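Working notes, structure below.
We call the chains A, B, C, D and E, going by the order they appear; numbering starts again at 1 in every chain.
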Amino acid sequence: MEVVINDVSLCFQKEKPILKHVNAKIDSQEFVSMIGKSGSGKTSLLKMIAGLMRPTEGEIEIGGEKVDSPRDEVTYVFQKPVLLEWRTLLENVLLPYELQGHVQEEQLSRAKEILDLVGLSQDMDKYPHECSGGMLSRVALARALITEPKILLMDEPFAALDALTKEQMQHELERLSQQFKPTTIFITHDIQEAVLLSDRVFVLGERPARIVAEYAIPFDRPRHHELKFEPQFTQLVRELYQEIERGSAR
Amino acid sequence: MEVVINDVSLCFQKEKPILKHVNAKIDSQEFVSMIGKSGSGKTSLLKMIAGLMRPTEGEIEIGGEKVDSPRDEVTYVFQKPVLLEWRTLLENVLLPYELQGHVQEEQLSRAKEILDLVGLSQDMDKYPHECSGGMLSRVALARALITEPKILLMDEPFAALDALTKEQMQHELERLSQQFKPTTIFITHDIQEAVLLSDRVFVLGERPARIVAEYAIPFDRPRHHELKFEPQFTQLVRELYQEIERGSAR
Amino acid sequence: SQTSHQEQELESLKMASWSQPIVEQSNLFVAEEKGWFEEAGLDFEYVPGAGGGDAIKNIIAGNADIAFANVEAVLQAMEQGEKLKIIYNIYPENVFNLVSLKESNITSVEDLRGQDVGVYSLSSGTYDNLKVLLYSAGMTEEDINVVPAGVLNFGPLMNKQVVATAATDTGLYDALQQGLGEVNVIEVKDVLNTPTDVFVVTKEIFNQKRDLLVRFLQVYKDSVKYTLENPEEAAKIAADYAIDGQDEQRNLDIIKIRNETSINDEMKDKGPGWLDVEIFKQVEETYLNIGLLEKPVNVAEIVTNELVKELK
Amino acid sequence: MKKPSFYSLLLFVGIIGIWEWIVYACQIRPLILPAPSAIFAQLITQLLNGYFWPHIWATLLEIIGGFILGSIMGIGLGFLIAQSDTVRNIIQPYLIASQAMPKLALAPLLATWFGFGYEPKIIIVALICFFPLLESTITGLTFVDQERLELFRSLRASKRQTLLKLRLPTAVPYIFSGLRVAVVLSVVGAVVSEFVGANKGLGALIISAQYDTTLIFSAFILLTLMGLFLYEGIHWTEKLLFKKYHHSRREWR
Amino acid sequence: MKKPSFYSLLLFVGIIGIWEWIVYACQIRPLILPAPSAIFAQLITQLLNGYFWPHIWATLLEIIGGFILGSIMGIGLGFLIAQSDTVRNIIQPYLIASQAMPKLALAPLLATWFGFGYEPKIIIVALICFFPLLESTITGLTFVDQERLELFRSLRASKRQTLLKLRLPTAVPYIFSGLRVAVVLSVVGAVVSEFVGANKGLGALIISAQYDTTLIFSAFILLTLMGLFLYEGIHWTEKLLFKKYHHSRREWR
């Protein structure tokens, strides 16, 4: 399913727009990353795509239909992990299933599987207040992945993870992406990560923000972590870095 | 002021210790980073140093005195930015001054200065619910830096920041460190960051965690960001990376 | 002597009542309106209560000097060992009655057997006087079902939730005004003409403030007389003073009812307020028989006409 | 209060209409249930001729006096308890007992002790306000995020500072919710204490209204209006002055 | 309830001691203030000889009946209002008015309408419980983190699901706080409605205890104990069954 961002602007207060005339088209099954400075409006843009917020101007289309409320095909991973503190990690992960109907044996084992994937198989009976920050974001991640959505919107899902866990997660995401082929929009502030995972990378410029640059990433899939140390890769990372720098200087 | 960790163990539930027999000594004015997998116990260890938690066994000494409650010289930056939603960003930053006594013109201008430093001079009258994730963590950072503490404990302060902002912040931290010379313990999951900023890097191994390795970082100060691209630096990063990997395999 | 009183400081006199200031006590408001209390050197204050028990408690607790209370409340207080003096007979007639709808055909107490009968509350005169009625017919409260019906005690009667209700003359008047319809009334005074309300004081006050009491009773007596002669004027005054006085026609009717109960044949020669010791003895005896009193209280010894005799 | 919608008004008119109709159709006596038109007529006449006003003022005085007294006591003690562990430990058992006491049952005794003026009524009202305010103050002051408490501990805030700068702002919405409950209970307290013995006041009117059910309804409507204004007054005070303490939470209305 | 500390007990003994001493020293009549020893003696005798029990049962029946009825109504309507915007818009204005009504003022009328059995008392108690529960249910159901609401919206949860799986758990502590207030008010409601017309129950005892102040105190103590047990019962139910809804918040006691 494709996502079209059509001349979108956003104001919270009058006369100080956050986003102005943003245009983009994300193809079906494409993996797009969005980078940009803190406070530039990445989260806001993603929330509008998710139907959690309305643009002040312009519109967003998913699969040809205008978005004005959250849609079934879309799964959203919040920047700050939002969990229910009265549910164990397992119960938190099962939430999407519960909301869709009954939770059967099958769903339960799927949830356990995915918790294992994010390295929490031993902790699934803990309550959120007993967990570390990284554990919480992994739970939120597991809850998103379990739904196997057509469109996956992720807001810095790996920001709270250590290098090693992050790599594992990146790897899993890549694997699941290949398997289910969701259209993915991925916000990150880790440029390496963006380049490693994406088909295209958008750079959001500052105040009012718009997409100032767009890079197609040429590497074949599946990509391996050793790619990071290849010169073509590091060159691309450096370029993107300079792009953001330029964007904020403008 | 030096920090001594003396055979510290921590259990939340019986028979499942989180930390076991951790020993370390951080010299006065030293900058130490702590890396380790998510959920390994970094935050717990830092909280014990801050006096916010008591070790189950062993003890922690600061400047020769046993820690059993928070101390004046210590400033703590929480992993998840903790702000008061009924205060503007400026008022949030002024909190430590307010708690110390009266807020004068001088403190006010200092707070504005430091908000400028973290790039929030335009947003200081916003309330937390009007801010992006990265902005919130910069506010928390500003609130910590304003106190010019003797001991600075930071729990992944830059995790929510984009690459560029992060570099600026690293630079500011380095500069302030050189100026006020606090003893700093810095948790991060970004190995490059750890190497770039630290005098020593501790690696925390997994369940029950202890310090499995300790690296002294030989580079001269002030360090520049170009250092990242030097072979000796990348070599050290790679070594540390493998150390964590080994730690988690054990 | 009246002028000399005016020059002096007014002396406080607090009267504890069994009720709030209501139209039935219009003569008091007449006295207030006309300044008779000040003329007698009195700073009069009306202390409200909810029942005769409150009035007596208020004089015992020192919240008031004199109590306007029903005889049952006085006797029960004496039973508790309180030292009291009955000094004035306010209503020598028993105002309590038993009301039933004509259609239920209750003509004698006997007809109540096995039926629900409403009273105002278990601590009110209606209940005690119902017992008197039952006793006169050789029955006890076990033979009927007593129901405390609250302020609107005619409501259940109209709803036919009870066959009869124990009430007072003024209560009946109001209920009739509200469309109660045709009723049968059994009057308690035909069985035992207990004086309804009396002025009571503690023995201490009686001894210490005799003069004050006489002055008050004099004003009271004068006001009763005036109200007897000028009910229309009293009805007007009541509109400003009484909490239930907004309807002047009703005021007038109620005042007329109370005027009748304020004076009886004996008082016509002995003067208003005269206490008939014999009837008090009879009341005590009856109450002992019914069990309203558990031990003798020698009411004859505390009933005194000393003050009444001093009145002009 | 939002402007009532069309349907709300319709509902109101409907209920009043049906009531009026039933009274006429079934020939219900005013003693049992007066017609709305009769109540309304009486209400207007008596307000115009001034009969109700002294009673309204008397009741209002008791309500406001007792409410202020009780709120100061309830909130104050709430602070003391949230602040001092010693105080808490010593008075906790009595606190719960005192909360469980049916204070209105004391009305007859208080009348004996304090006389018949405004004092016993104000005391009753104050006692009645006290409980919900104590409960909500303590709940608000103690239901603070662990993380924020840790922040304040790490900043070495004194107990007093934590109370004033963290617990109090957190408690504001709870305290206001308590105030709203309390002000409504104040009205009840004033009325019931007037039942027991008063010369003046709408409660005294109700209890002495012999068989004038219409009057009872009129007084009841006045009391409801009083409660409504006080309730809305508190609601608006909060909305205007303490809005920021609701940030990040979804408000109703 | 925590075990009362030594100082608490000391305080208790001290107060009782002073009270007893004052009564003897100042020769206060039992009618005004009975001695604690006299109250205690009467309480024990009358409990042993069975005099109090029918009254206790009557009052308890009214309290529990009314409490259950009122809670179901209050919580139920709270849900309905939090759930349906239409219902909310239509009944909102009446809701506030109904909250502002001093329900106890209706006691005299209810006796006329519903007779003099347990019904009018249960209705009064239910009306009285209703308000704080409605208030706390709505507060609890609507005071939900914006972020969590967004999560549920993004998961396309239906209104009902959001209610049951997000709002309800958030509301649990608030509802229990409302229940604690309500159960205490129930006791008050039962007593006052017995004041107005009842031949059984501790409230009827109090109001008809003409000169027996000792009896008033005894009844009052029994009522307080009843309130205390009910209050603690609710507190423990919450502690045992609903502990997890307090996670990440600091509890008092």
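Note that in this section a residue touches a chain if its C-beta (ideal position, glycine included) is under 8 Å from a C-beta of that chain, and two chains touch if they have at least 3 such contacts.
Predicted model, so just to flag it, every value in this text is computed and none were measured.
Chains touching both chain B and chain E: A, D. Hopping across touching chains, the smallest step count from chain B to chain D is 1. Which two chains touch most often is answered by the contact tally, and the pair is D-E.
Centres computed as Cα averages put chain A at a distance of 86 Å from chain C. Averaging C-alpha coordinates per chain places the centre of chain D 15 Å away from that of chain E.
Our note on geometry: chain A versus chain D, Cα centroid distance of 50 Å, whole angstroms. For chain E, residues that reach two or more other chains under the stated contact definition are 32, 108-109, 112, 145-146, 196, 207, 248. Of all residues in chain A, those that touch two or more other chains are 80, 129.
Within chain C, the positions touching two or more other chains are listed as 57, 61, 151-152, 155, 159. Across the assembly, chains come into contact as A-B, A-E, B-D, C-D, C-E, D-E. Listing the residues of chain D that touch chain B in their complex gives 145, 147-148, 150-158, 161, 165-166, 169, 244-245, 247-248. The part of chain A that touches chain B in the complex is made up of residues 12, 35-39, 42-43, 79-80, 119, 123, 130-135, 138, 156, 159-166, 189-191, 241, 244-245, 248.
Contacts from chain D toward chain E in the complex involve residues 1-2, 4-5, 7-8, 11-12, 31-33, 82, 89-94, 96-97, 99-106, 108-109, 112-113, 131-132, 135-136, 138-139, 142-146, 149, 173, 177, 180-181, 184-185, 187-188, 190-192, 195, 202-203, 206-207, 213, 216, 219-220, 223-228, 230-232, 248-253.
Those residues of chain D whose C-beta lies close enough to touch chain C in the complex are 29-32, 46, 49, 51, 108, 111-113, 115-116, 195-200, 204-205, 207-213. Of all residues in chain A, those touching chain E in their complex are 47, 50-52, 69-72, 74-76, 78, 80, 82, 84-86, 95-96, 98-99, 127-129.
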